[in-house]
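So, here's a batch of structures to check.
After this come two complexes, each holding chain A, first together with chain B and then together with chain C.
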Partner chain A sequence: MRAWIEKQRYLMDFTLSSLLRRKVKNLSLLLLYTLIVFILASAMFFTDSIKKEASLILHGSPEIIVQKVRAGRHELFPIRQIDRLKTIRGVASVEGRLWGYYFDPDVGANYTFLVPTAGSASVTPHNASTDVVGGEGDESAGAAVPSTEPLYRVNLDTLKSGTAVIGHGMARLRHAGTGDVMAFRAFDGTSMNFRIADTFSSKSELVSADLIVVTEVDFRRLFGIPVDVVTDVVLSVNNPREISTVATKVAKVLPDARPITRDEVLRTYDSIFNWRGGMMLVLLSAAVLAFVIFAWDKASGLSAGEKWEIGVLKAIGWETADIIQMKFWEGAVVSLTAFFTGAIVAYLHVFLLSSVVFEPALKGWSTLYPQFQLTPFVNAAELTTLFVLTVVPYTTATIVPIWRAATLDPDTAMRRVGE
Partner chain B sequence: MILHPAVIANVVASLIVSGALVYAAVYGIQILRRWDLQSGDEYQLVLERRTYLISTILTFACGLELMSLFLYVFTANNLCPLFVGAMCAAGTLNVNPYGYPTLVLKIIGFILAGLWLILNHADNQAYDYPLIKKKYLLLALLVPFSVLETSLQGAFFLNLKANVITSCCGSLFSTEQVKGVGSELAALPIVPMMWTFYCGMGCLMASGIHFYRKGKGGYVYSTMTFVMFGVSIASIISFISIYIYELPTHHCPFCIVMEEYGYIGYALYIPLFGAVVTGMGIGVLMPFQDITSLRGVIPGLIRKLTLTSLTLYAAFMAIVLYKIATSTLVL
Partner chain C sequence: MNVRKVFNSGKPSEFSALNGIDLRISANQVTVLVGPSGCGKTTLLTIIGCMARPSAGRVRLGDREITSLPERFLTEIRRSTFGFIFQQPNLIKGLSALENVMLPAYPLGGRRALLKDKAIRSLDALGLAEKALSKVEWLSGGEAQRVAIVRALINDPSVVIADEPTAHLDRTLSHRFLEIVERFKAEGKTVLITSHDPLVYESRVVDRVVKLRDGRLEAEA
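On to the complex of A and B.
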């Protein structure tokens, strides 16, 4: 064992010095290799951490959302039907939500208006607050349910009629701050003014960037929504195993309603991000392929010097297996250097520089886009995937050329130098 | 098909493994048919050189197979949120009938590739390639497994349909898919399994030490390493996992390789896989002890393999005992 380790040490020693002797050739390969790893790693780290972020946020969203559908379109939900949902066994609470979108032509952005649900406020009228814990998916930026881990908090005491609490993204876009007054056009063309009572902390920007929280009276007045309807209804279910049963019952009780469970939203988001990341990799596969061809070419096109070196080594007693081992160490040094450098640079790029290179392709686009810093998240599965997608193709491409080089006859190898 | 980076990586890895093996087997068949050590023909020289290529490819394929085994489980675990009822890898692999067979084939592929490498190592030590035909026969046997594994894995990934909301006004999904996929594996009764595991390990250690010292009972030990591999996997499902999860109902053999449990699964599976390959390698080498050119090689190699497999099983056992001792679960 000791002898084997010693042998590998000498081989590595020799490999390193031989690599350093051909700096330019190896450096170009190393640079290209690192670049490939960097690009793939950036795409993967970004999609995975944004997926993680989305799933963390969505885990706090309501278990079931019930929307009214007419002719395949989303409709307002009549309040009188809420009681029918309460009769379903397993439902802990039912709350109507009021939310909607408002297009601001001045800045070309869409805002999300939301009325905090009064569930918690009605129990403790003083110092009442509503914890807003997550977005409902593709439709709303905030869903108000009491939960353990609030993403941001709306103090209902500060929120009075004629005031609004706005998200950080909006405040930035409209250059508005606490105390300022913002005007909105109501459904009937009249103007409505809101004094900004507060802004959400920038920590919650991913979910609150475009959010405006107003009182119920103001919301109904702004959009002309009658008092007997709400936008949709959220159901909380105590036992997570009962969610799908409850959803089935909802569909039975209200055949014209569409229940959406939290898991469905989570799965959909997961798929979207998987697809984006996968698509990016498929597009980049051309680059990987080009790199593999380059590596193949580099490995098979031995220079006269390298051939001569192998010839000398074999002439002084190295066996074919030794040359293959030496070449293996050469590949390992190049691959691991490129892999780790690429992965570390990608990590810095994604989590420190907010992935400036891939942002437009992966994040999506909007006038009012939240500014957020992703939580660093890298795991062994990602690194293994990255390894299989970069180092494995490289190694595969170099096996046959390495074997060819290693089986050169010493006399042929040395004789060709003069040719 | 789900276009997840890890799915792409799995497909790439399997294609490379089976591609490399088919490539190696093509030359292997040429060697089987035309090998003649007595001949000084140029073609024989070419074939002799090819053996280096094939053993390099097999080493690579064996390593990649092990990596892809873990990657496969990782991927299955990552994809589980996409399927109704799947809680971890166990559920995802159950989504269609190709999941588990692929896993089994991956394990078989790894063991066979490992055995091939042992045979190859022994053969390379002798001056006259005495095992050449046997080892290329084994290679020819390995290829169908690998190709089948790649096809099954392809079928598995192609038939994965995520249960997602297809459009904002699409039909309700939850009512259509009321039947969930169970993610719990059938576990054997705990107490008899514990007895089998501890007694089996005791016998294995005893027979291993006996064989190492006296050189007798090699086949018994080799068979025991194989049997105990199966018993160990069954024990992981039956009781080791519940000590790790500290949850008497969670028997999954896959979650233990995940981050949440400190990747302890690697510390269990890698010694276990190493031990079964080295242990079975003894049985594979024993029939060739009497070949003249291998007489000086095989006994030493067998001793090394015995020591390695014993050490690996001991390491596996130590980790199991440590996890059970430090677990807050009391059965």
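On to the complex of A and C.
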């Protein structure tokens, strides 16, 4: 055993000196390889974490949202129909919501106006973990965001007619802070001024970057929404296992309404972020392919010098297996170094530097970029897949030509290159 | 026994290097294969040293028939029995003289300190102690040749095979090489040399000269 370990040490030593003897070739290969792993791992870390983050937040979103639909388009919901929803068995509470989008042509950004639920001291999702049953990742959700901590806070005492509480993204974009006045054009063309009463905590930027919270009266005046309608309605359900049953009943009671369950929203977000990550990878696939060709060429081809060296090693008593092991270590050292460096740099890039390099592609094309720090989350299965798809093919590609060259007689290997 | 070697068999460039060689080499002697270029000296040497297989015929090492042995066993024999000194030093560039000398012992997995000590002592015996850590590309032709000799001996082979060892050496260095061969002989090693250098085959250290021409044995001196 000791001899075997000592032999592996000798082989590793020789491998490292071999790599250093071909510095330019190996360093350029290592750099390219690391870059590719970095790109792939960055996209993977970002997509996984943002999906996780969105899922965390959305686990606290309403169990069922009911929207009025006419000709397939979303319409305002009549308040008088809310009582009909309350009669459905299993429904715990029904609440109307007022929210809408406002396009600001000056900065080319879309804002979300929202009226907070009257009487609440904070706009808090029902909770992140304890009430959600059977949701995937509930435990980690509970660990990352304690159920007692709201995703964002609005001090309703400060919110009076003519005032607004805005997200940090907006504050940055409009260079506005508490006490400043912002003007918006109402539905009838008149101007409405809002004094900024407060801003949101930056921790909640993923959901609140573009958010403006105003009073109900101001909201209705701004958008010209009559008092007998709301934007949509949210339902909470006594037993979370009955969400889909309740949704079916809603569709029966109000045939012109569309119930949207929380799972459907989660699936949509998953698809969006998968699509973004996938699209980026498609754009980068040309680079990946170029690397694969380059790596295959470098790994699978043997220079005349390398063939001669194999001949010498065999002539002085190295076995074919020794040479293959040595080359295996060479491939393993290059690919493992590249893999771990690429993955670590990608981790730092995504979780410490907020993905500065791929921000526009991964976060979406918006004037209002949320500035948020993702909670580090690494999907072990995907990381393993990346490992298998990068390290294994490269290491194999280095062994095959060596095996062919190393099985030749040393005399043939040396004569072949005219040495 | 009746050893033949054909290169590029079945191709238009087919070439027969050895055409039925019957030869017995005695242990503890210095034997020199002589003959013009292309007569098959190096080919015969590589077959004896288990570096290549004959196309036909049998090779015996002592009482053991080694022609049909699998590659792994041939390597083992090559490593433990033969030490090779090539026409060119064939040292691996980028490594030091010491590392080149230690290379044949790597697959054996012996203790590093012992191996290093042995390699340094062997280099010292040929006046190369100061060059141990020098990269081989910085060595002179004679120094490189002596490093190659030390490398050939690191695993204590019983047979030393040298292919045209003086081809790239001047007269003084050739004499030094023959002194080394004399030392091998004194240590009881079998030495097999190919050469067309009279300085070698006319040397008093040589016990036997075997002449080859066109892949056949011609006569013995």
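Basically, the second predicted complex is superposed on the first by the 367 of 419 C-alpha atoms of A that agree within 3 Å, B and C clash if a C-alpha of one lies under 4 Å from a C-alpha of the other, contacts with A are read in each partner's own complex, and residues count from 1 in each chain.
Throughout what follows, a contact is a pair of C-beta atoms (placed from the backbone, for glycine too) under 8 Å apart; a residue touches a chain by one contact, two chains touch by 3 or more.
Given the structure is predicted, the values throughout are model-derived calculations rather than measurements.
Chemist: Based on the shared chain A superposition, would you classify chain B and chain C as clashing or fitting together?
Modeler: Fit - chain B and chain C, as placed by superposing on chain A, sit side by side.
Chemist: Which partner does A:21 reach: the first (chain B), the second (chain C), both, or neither?
Modeler: second
Chemist: Calculate the angle at chain A, using C-alpha centres, between the directions toward chain B and chain C; round to the nearest 10 degrees.
Modeler: So the C-alpha centres give an angle of 50 degrees.
Chemist: Which of the two partners, first being chain B and second being chain C, lies in contact with A:270: first, second, both, or neither?
Modeler: Touch status of A:270: first partner only.
Chemist: Going by the contact rule set out at the top, does A:312 touch chain B (first), chain C (second), both, or neither?
Modeler: Only chain C is touched by A:312; chain B is not.
Chemist: Between chain B and chain C, whom does A:379 touch in the aligned arrangement: first, second, both, or neither?
Modeler: The answer is first: A:379 touches chain B but not chain C.
Chemist: I'd like to know which partner A:320 touches here: chain B for first, chain C for second, both or neither.
Modeler: A:320 contacts both chain B and chain C.
Chemist: A:410 contacts which: chain B (first), chain C (second), both, neither?
Modeler: second
Chemist: Look at the residues of chain A and decide whether chain B or chain C touches more of them.
Modeler: Partner touching more chain A residues in the overlay: B.
Chemist: Answer with first, second, both or neither: which of chain B and chain C does A:227 touch in the superposed model?
Modeler: neither
Chemist: Which holds for A:248: it touches chain B only (first), chain C only (second), both, or neither?
Modeler: It touches chain B, and chain C stays clear.
Chemist: Look at A:7 in the shared chain and tell me whether it touches chain B only, chain C only, both, or neither; answer first, second, both or neither.
Modeler: In the superposition, A:7 touches chain C alone.
Chemist: Note down the smallest distance between any C-alpha of chain B and any C-alpha of chain C in the overlay, whole angstrom.
Modeler: Checking C-alpha atoms only, chain B sits 6 Å from chain C at its nearest point.
Chemist: Can you list the residues of chain A that touch chain B in one structure and chain C in the other?
Modeler: In the superposed arrangement, which is not itself an observed complex, chain A uses residues 320-321, 407 for both chain B and chain C.
Chemist: For the complex, which residues does chain A have touching chain C?
Modeler: 2-7, 9-11, 14, 17, 20-21, 309, 312-322, 407, 409-412, 414, 419
Chemist: Contact residues on chain B for chain A in the complex?
Modeler: 2-10, 12-13, 16, 20, 49, 52-53, 56-57, 60, 64, 67-68, 70-71, 74-75, 77-78, 81-82, 84, 124, 162-165, 168-169, 172-175, 178, 180, 259, 263
Chemist: Touching chain B in the complex: which residues of chain A?
Modeler: 43-44, 47, 55, 69, 72-74, 138-139, 243-244, 247-248, 251, 258-261, 263-268, 270-271, 274-275, 277-279, 281-282, 285, 320-321, 324, 379-382, 384-385, 387-389, 392-393, 395-396, 399-400, 402-403, 406-407
Chemist: Residues of chain C touching chain A in their complex?
Modeler: Residues in contact with chain A: 46, 51-53, 71-72, 75-76, 78-80, 84, 86, 88, 90, 92-95, 99, 103-104, 106-112, 151-152, 155.
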